[in-house]
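A short worksheet on the structure shown next.
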Amino acid sequence: MHESDKQADTRSSPRYNGFPTFARLPVSRRTDAQAMIIGVPSDVGSTDRPGGRFGPAAIRQASLILRQYNPALDVRPFEVLGCTDGGDVEAIPGFLHRTYEAVEQEVRPLVEKGVTPVFLGGDHACTLGHLRAVRDHAPVGLLLVDAHHDAWDDFYGEKYTHGTWLRRALEEGLVDPARSIVVGLRGSLYDERDWTMLHEELGIEYLTADEVHDQPLDAVLERIRLRLGGGSTFFSFDIDSVDPSFAPGTGALEVGGFFPRQVLLMVRGLAGVRFVGFDVVEVLPALDPSFVTANLAAHVAFEMLSVLALERLSRSDPA
Amino acid sequence: MHESDKQADTRSSPRYNGFPTFARLPVSRRTDAQAMIIGVPSDVGSTDRPGGRFGPAAIRQASLILRQYNPALDVRPFEVLGCTDGGDVEAIPGFLHRTYEAVEQEVRPLVEKGVTPVFLGGDHACTLGHLRAVRDHAPVGLLLVDAHHDAWDDFYGEKYTHGTWLRRALEEGLVDPARSIVVGLRGSLYDERDWTMLHEELGIEYLTADEVHDQPLDAVLERIRLRLGGGSTFFSFDIDSVDPSFAPGTGALEVGGFFPRQVLLMVRGLAGVRFVGFDVVEVLPALDPSFVTANLAAHVAFEMLSVLALERLSRSDPA
Amino acid sequence: MHESDKQADTRSSPRYNGFPTFARLPVSRRTDAQAMIIGVPSDVGSTDRPGGRFGPAAIRQASLILRQYNPALDVRPFEVLGCTDGGDVEAIPGFLHRTYEAVEQEVRPLVEKGVTPVFLGGDHACTLGHLRAVRDHAPVGLLLVDAHHDAWDDFYGEKYTHGTWLRRALEEGLVDPARSIVVGLRGSLYDERDWTMLHEELGIEYLTADEVHDQPLDAVLERIRLRLGGGSTFFSFDIDSVDPSFAPGTGALEVGGFFPRQVLLMVRGLAGVRFVGFDVVEVLPALDPSFVTANLAAHVAFEMLSVLALERLSRSDPA
Amino acid sequence: MHESDKQADTRSSPRYNGFPTFARLPVSRRTDAQAMIIGVPSDVGSTDRPGGRFGPAAIRQASLILRQYNPALDVRPFEVLGCTDGGDVEAIPGFLHRTYEAVEQEVRPLVEKGVTPVFLGGDHACTLGHLRAVRDHAPVGLLLVDAHHDAWDDFYGEKYTHGTWLRRALEEGLVDPARSIVVGLRGSLYDERDWTMLHEELGIEYLTADEVHDQPLDAVLERIRLRLGGGSTFFSFDIDSVDPSFAPGTGALEVGGFFPRQVLLMVRGLAGVRFVGFDVVEVLPALDPSFVTANLAAHVAFEMLSVLALERLSRSDPA
Amino acid sequence: MHESDKQADTRSSPRYNGFPTFARLPVSRRTDAQAMIIGVPSDVGSTDRPGGRFGPAAIRQASLILRQYNPALDVRPFEVLGCTDGGDVEAIPGFLHRTYEAVEQEVRPLVEKGVTPVFLGGDHACTLGHLRAVRDHAPVGLLLVDAHHDAWDDFYGEKYTHGTWLRRALEEGLVDPARSIVVGLRGSLYDERDWTMLHEELGIEYLTADEVHDQPLDAVLERIRLRLGGGSTFFSFDIDSVDPSFAPGTGALEVGGFFPRQVLLMVRGLAGVRFVGFDVVEVLPALDPSFVTANLAAHVAFEMLSVLALERLSRSDPA
Amino acid sequence: MHESDKQADTRSSPRYNGFPTFARLPVSRRTDAQAMIIGVPSDVGSTDRPGGRFGPAAIRQASLILRQYNPALDVRPFEVLGCTDGGDVEAIPGFLHRTYEAVEQEVRPLVEKGVTPVFLGGDHACTLGHLRAVRDHAPVGLLLVDAHHDAWDDFYGEKYTHGTWLRRALEEGLVDPARSIVVGLRGSLYDERDWTMLHEELGIEYLTADEVHDQPLDAVLERIRLRLGGGSTFFSFDIDSVDPSFAPGTGALEVGGFFPRQVLLMVRGLAGVRFVGFDVVEVLPALDPSFVTANLAAHVAFEMLSVLALERLSRSDPA
């Protein structure tokens, strides 16, 4: 049994040995970590298929393959950031507001000490809690990579669901629409104004999946970076932004999404943005028989941490 | 496509043809039906694994095998009762009290017209709604076949869950403890008084699974019938009363439960009890890869309807 | 329970509530519908893996995600066409000619009233029945998107299978080879002349999958439109035209097929063609554990309906 | 690679090495074998779920565990009988009568040389072919272990299906009703006379599953042996005679069937009957995710061979 | 996140929250624990299907349902024993002797401090390591519940496999045959002497599965207790002793095994035996799609701990 | 049953009929075959997930779809090469060196007679055995298409694993680094020098997956051909070179790999290289629920044989 305080090395101990923490990191909520994995096992906000509560465990299981060094970005994210696995917050099944409270209560003190959380969802409704936990004196910019904008006003009269959290976040002043962008919209819609409303009514920019597919990635990244600017930014990644044929383990299967590699390149291309928090959400293990969805989510989190590590390195070494 | 107002006959049309209604019955909420299948696709009350919202669909799919006549009881339940499939109530994901309201609002008027509902769950928290919908001037007797008593006071401070509904039903005066019995208790417990509390504190009788296994079924049935007496009775069947090796598609896998046939015999043995409603709950299709759990649930509902039909026949023909 | 005569709206009622009709459309065979979903649950024509009989149900289940409006084509197909779900024809397992009779007997009267059918298969042998049901005074053009041409003369001496229906359709004068094209051919062959025979012997044009991959989609679409011309055309889509890694739930897994998005773009690009009928065939749910194949099939049918709706709108409003 | 002419021994070569023949027997149709495994990969006779065509392969895969010696009956069946695996007959998908012809054409010559076939199905319609292949100068007795009697006259007007073959066999004079018995009937019925018709109209005896459950096995066996008498007998075993919770991989899941061990004991108890052929049918691998159904089928075939071997030994050594 | 030093209580924190330790026990190898769960993730000894290396994780996952109190034996095993989850030993894939070394090196020091290990396997070859770790000044008695005796001399000339470890243990003087018994033998055999050799050659007693099925459990237990006597005893439980229809997730599916409840009763009936160690082996998660096998294994371990707790209580309180 | 000495034709016999040999080829080790399929069912070298021992069977099952003629290369590989299926070598579970011995002992004599083996793995450690079997007077060039270079020195001190075989092959002088190239490297690394070491320390060239994605395939192929030159070359294809979303059934899921069609084009583009052997390894059926991984592996082997056939044709007909 490993009882180390650093990442276990698969060259000396088999990958499946022991309890599956993220990337075999030590379990700890120590406040000198610059980044921390936090599971949010809650799916009460889903309007369709539940099971996201088992997402954090599945992503951790898949993450066992992650090693020390990221060659694409030339960085050792776990080491640079002193990253730990902070376990799960006490999400209570069936009671979304208690999940929000748990996230805020458990994570906000860490954020105040300088820890940047990487949340593993959970359904997307949890992101409202994530935003509350990382909130700053001013609203943050939001990068939302998702097939859906999640800014509807309600479902069946209910205001807090995985399809409405973004509108609530705007109402609460957590997100600055002028520094926010949704990337990856696609699928059939309830209404002709479903997307345009985003810009016209809420002041948020968006890129459809087709727009991303039809232009060079650099142009896409440029536009995202331009929108986010230099301020504090939260990055929320919904796995359903990827095409369901490549990431079936999620709740809403809209054909025409991103390729797995496209997503890694997109995250890597955001080095330099000042991220104050991340989440990877909507992984549903029961619909993921070959584990590729959880695996992709783990890799996305790894790239997020790598980008964060690069930013920290550049800060400490401004040369 | 069948557009008949009676059960489709598999001798003339293949079983898989058309929309999967319960036992290929017509879809209708007509109030002259004596019995009606009602789906309650809700799982927000689950404290562990969700997915019971897909239970009604899975039970209906499995029920396509059910034919007209029950040879074990010599009765044609669907014909005798003019049974229909009333579809699903508008359960709202994430909001248990709205499910309760929907059940009451949609089903109570039917009950008042003389329809006896057979609810397909859904998690067991729904049974509180079922009891409200069938409630009478006086509390009803309750036959609860279940591995767990579901009469805990709360989970994490929450009062409405699939482990606490029975206590709420008692508090609301929906259930008469003196005419109630829980059958099938087993598994590890939180506390030494977990079971004895039922009798000592709440006044409800119980039989453990071991007690049922260790005596002739007739003795068990006699004791149940004695307890229920001649008054109005609700019969709630939790599929986890069956051993998980035989019915894996449920949330809490306690070894040592009933055999499939034992369960059919138990239901059949209750002909004569005056049932005012039934439910079959806690079927989780995502954990039922070979469909045997949903299949057993469908057969249990068929035996419930058969027992009800016999009682109606005996009433109309008291000879 | 919804008893509406229009598409249920997932903003007010959860997607999984009720019986799974295509896109939550009303069930009806009313003859004033301009388009109708028709299931053909038959797989007796398969020479290898059966199970296509469960295809219509799986595609309907997946289609529950489809909403009212198609942003890619700016159209509300269901509303424009008054689309309904006409249920399944009475296909009889094991007897292909009875399936043909059922399709013709049930669907031809609808076609004569102006209904355009969108058939959900079923194995590809059913397409002979579909063509009979939509046949006009003259042979129709055929757009066949498929990994295989299905124009072999026989398998083991049998003339009616999912590999021979196209030759039968030509013999019956249902299809005009000069206005027909097969798109997506690939895989190993029985013979050097397997493909060239199509053109040389039968007078049908074809594009291999490699030819589609290696040129801009616009060029492909131009060539297809040129071939189909302005006359009545049937569009048959075999899901095995897609690469098996992206759509595994089918019978013949030939590596090198289309991408999911490529297929959507292809269908969308055919707006303007005068389609008299459509089918989506060869979905095998037992081989589709993550549902992506049925999901893609549902999306293809949605794009077909959208293209049809555009054509109807352009007819009624020629401006 | 083994190229031996006898059963491979798992003590010297791993079980999974090489091509999966039944019990690792040599592949051969040599006519000096006293018993031979014959696969009949056909499912066109199924009225509901297809896939039985893959049954022979699944049973063979499961049978790799079978070793040389049966301790329950103290016999080495493969050695005593010189048993081989004769492969599959050329069943043609979609064409039942061609399957019948193939069985008769390929197997009848073997039977005439003294080979006793053990057929691996395939759906139950195939048994008509099996009976034709083993037919004698006089009708044979039939032991049918099955949840259903398969003696309906037709389904949707069709006379040759897995639910009607027994009536056809009687009409063809292949089976002697006076020496026939159906064991294991259960489930809901189309009609009050569904079972009694067997005796009253067709002259065949039957035992319901309940009757078997409710009496000692010895009494059951005695009654079967009495009925079969000393003449030539065919033993047809439908895996759906077992409870679906224990053998889910089949087409019709009727609750209340036999236990796995009960079935082994039943077969073992028939030593002494003069069997001229056997089949094990209705194994559907696609519904058997944990392989227990195919595994049980393989064990049933092993016990059949053991009983046959005992009978042959007793013949050659009448002492 | 729980960081408690005792079992988490599901009444206050959802079962799926956090890292899946056995029964939600604290992770620790503290030497004042009287019992400890130890995973041995090794399957290199398997002669057929691998994957037992994932057994410990699967059993832990299933064990999350285990609560504090065992009503069948009226004991709180975890509390009485101060039980912890000691994690996994460093088994090295592909190198059985290194697994043996790891078990001995990591666990022997714990045993010497008075910790009784409950090993979660892993394939059965690991038991040789378990016996070395718990060995005493004298050979221990062995209770082996298993479908196979595992005392063959070699497979393909190799001496250390899951089918030969018992012979090696005897040769090493770890096990006293005169105080050992194998319970549950069944299935086909390589040889007429396969079982009798146990007694005749090795001096070990055995009970076949049929012998257990055919007599009252009390008689079986009496015989086992008599054989084991009052000395130190190791209890090795192979999950394949259970019928494969009830516990499919294992390597060798021999029909005719125990029922799940039968197994619990058997373990409970052994209270009073002086156990010095336990294991539960041969759980293969990849073959356990509905998790019932791992679930049963977790329950067996719970009963083992309960029996051990009773013995400790009786020692400390001889009254 | 087919007993032909050539490939069965699916136009006259259904694909699933009979024992699943590769592409329905005859089973034989006749030495006049120019190419032979050889299964190596061994996975003891895996450091993480086992199950590759079942790879050969799964690839053969998938290969049943392969027909006679390859239209992309205009060649009939099986006919040109007189190809047979030589079955499996006697790999012994748990003992890697015995697998090496078996490969060498069984296959080397065939190679000496002029047979070119196409090995179906098995984990990648087996490739050391493959190289020994095909070794020439001089070291061969190696084309390794793989996400990992497999040239680490040891794992947990062990020298023979699926991550270290290439270093061993170099040490044994089996491979000429100057004529070797690794294609497809990606994923997180243990170390900054993980890849550069290949060139700097071992003298082997490599192309990362990103490098392949970012340039035209022709340039990639040119570079590979240049490196391999005109000498004897072994081609080892690890299925994990493909993106896990498209080929999930393998042990190490690194996001960002090749597309299925990209891989076929790559193999086809190597016509002209002088290959002396091939393998396709690391297919794990238990993680391949929709069979797409095994299917792709079968297609890769088909393209390998096609390229070999072309080279043989060009040799015999140098015009």
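Per-chain numbering from 1; labels A, B, C, D, E and F assigned in written order.
Keep this in mind: contacts are C-beta pairs under 8 Å (C-beta built on N, C-alpha and C of every residue); 3 or more make two chains touch, one makes a residue touch a chain.
Here the structure is a predicted model, which means the values were calculated and not measured.
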| item | value |
| --- | --- |
| Contact-graph separation of subunit A and subunit E, given in steps at minimum | 1 |
| Partner chains that subunit C and subunit D have in common | B, F |
| Chain located farthest away, centre of subunit D as origin (C-alpha) | A |
| Listed chain pair C-D, D-F or B-D that repeats interface A-E [over half of contact pairs the same by residue number] | D-F |
| Centre distance in Å when subunit A and subunit B are each reduced to the mean of their C-alpha atoms | 41 |
| Centroid distance [mean C-alpha coordinates] between subunit D and subunit A, Å | 56 |
| Whole-Å separation of chain centres (CA-atom averages), subunit A against subunit F | 38 |
| Set of subunit E residues in contact with two or more other chains | 13-14, 16, 47-48, 53, 92-93, 156, 245-246, 289-290 |
| Contact pairs between chains, per stated definition | A-B, A-C, A-E, A-F, B-C, B-D, B-E, C-D, C-F, D-E, D-F, E-F |
| Subunit B residues touching subunit D - in the complex, by the definition given at the top | 9-16, 62, 65-72, 74, 245-247, 260-261, 264, 289-292, 295-296, 299, 302 |
| Residues on subunit A engaged by subunit E in the complex (per definition of touch) | 1-2, 13-14, 16-21, 27, 29, 41, 53-54, 57, 86-93, 106 |
| Subunit B residues touching subunit E - in the complex, by the definition given at the top | 47-49, 152, 154-156, 187-192, 194-195, 208, 210, 213, 243-246, 248-249, 252-257, 287-290 |
| Complex interface listing, subunit F residues touching subunit E | 43-48, 50-51, 53, 92-96, 98, 156, 158, 161, 286 |
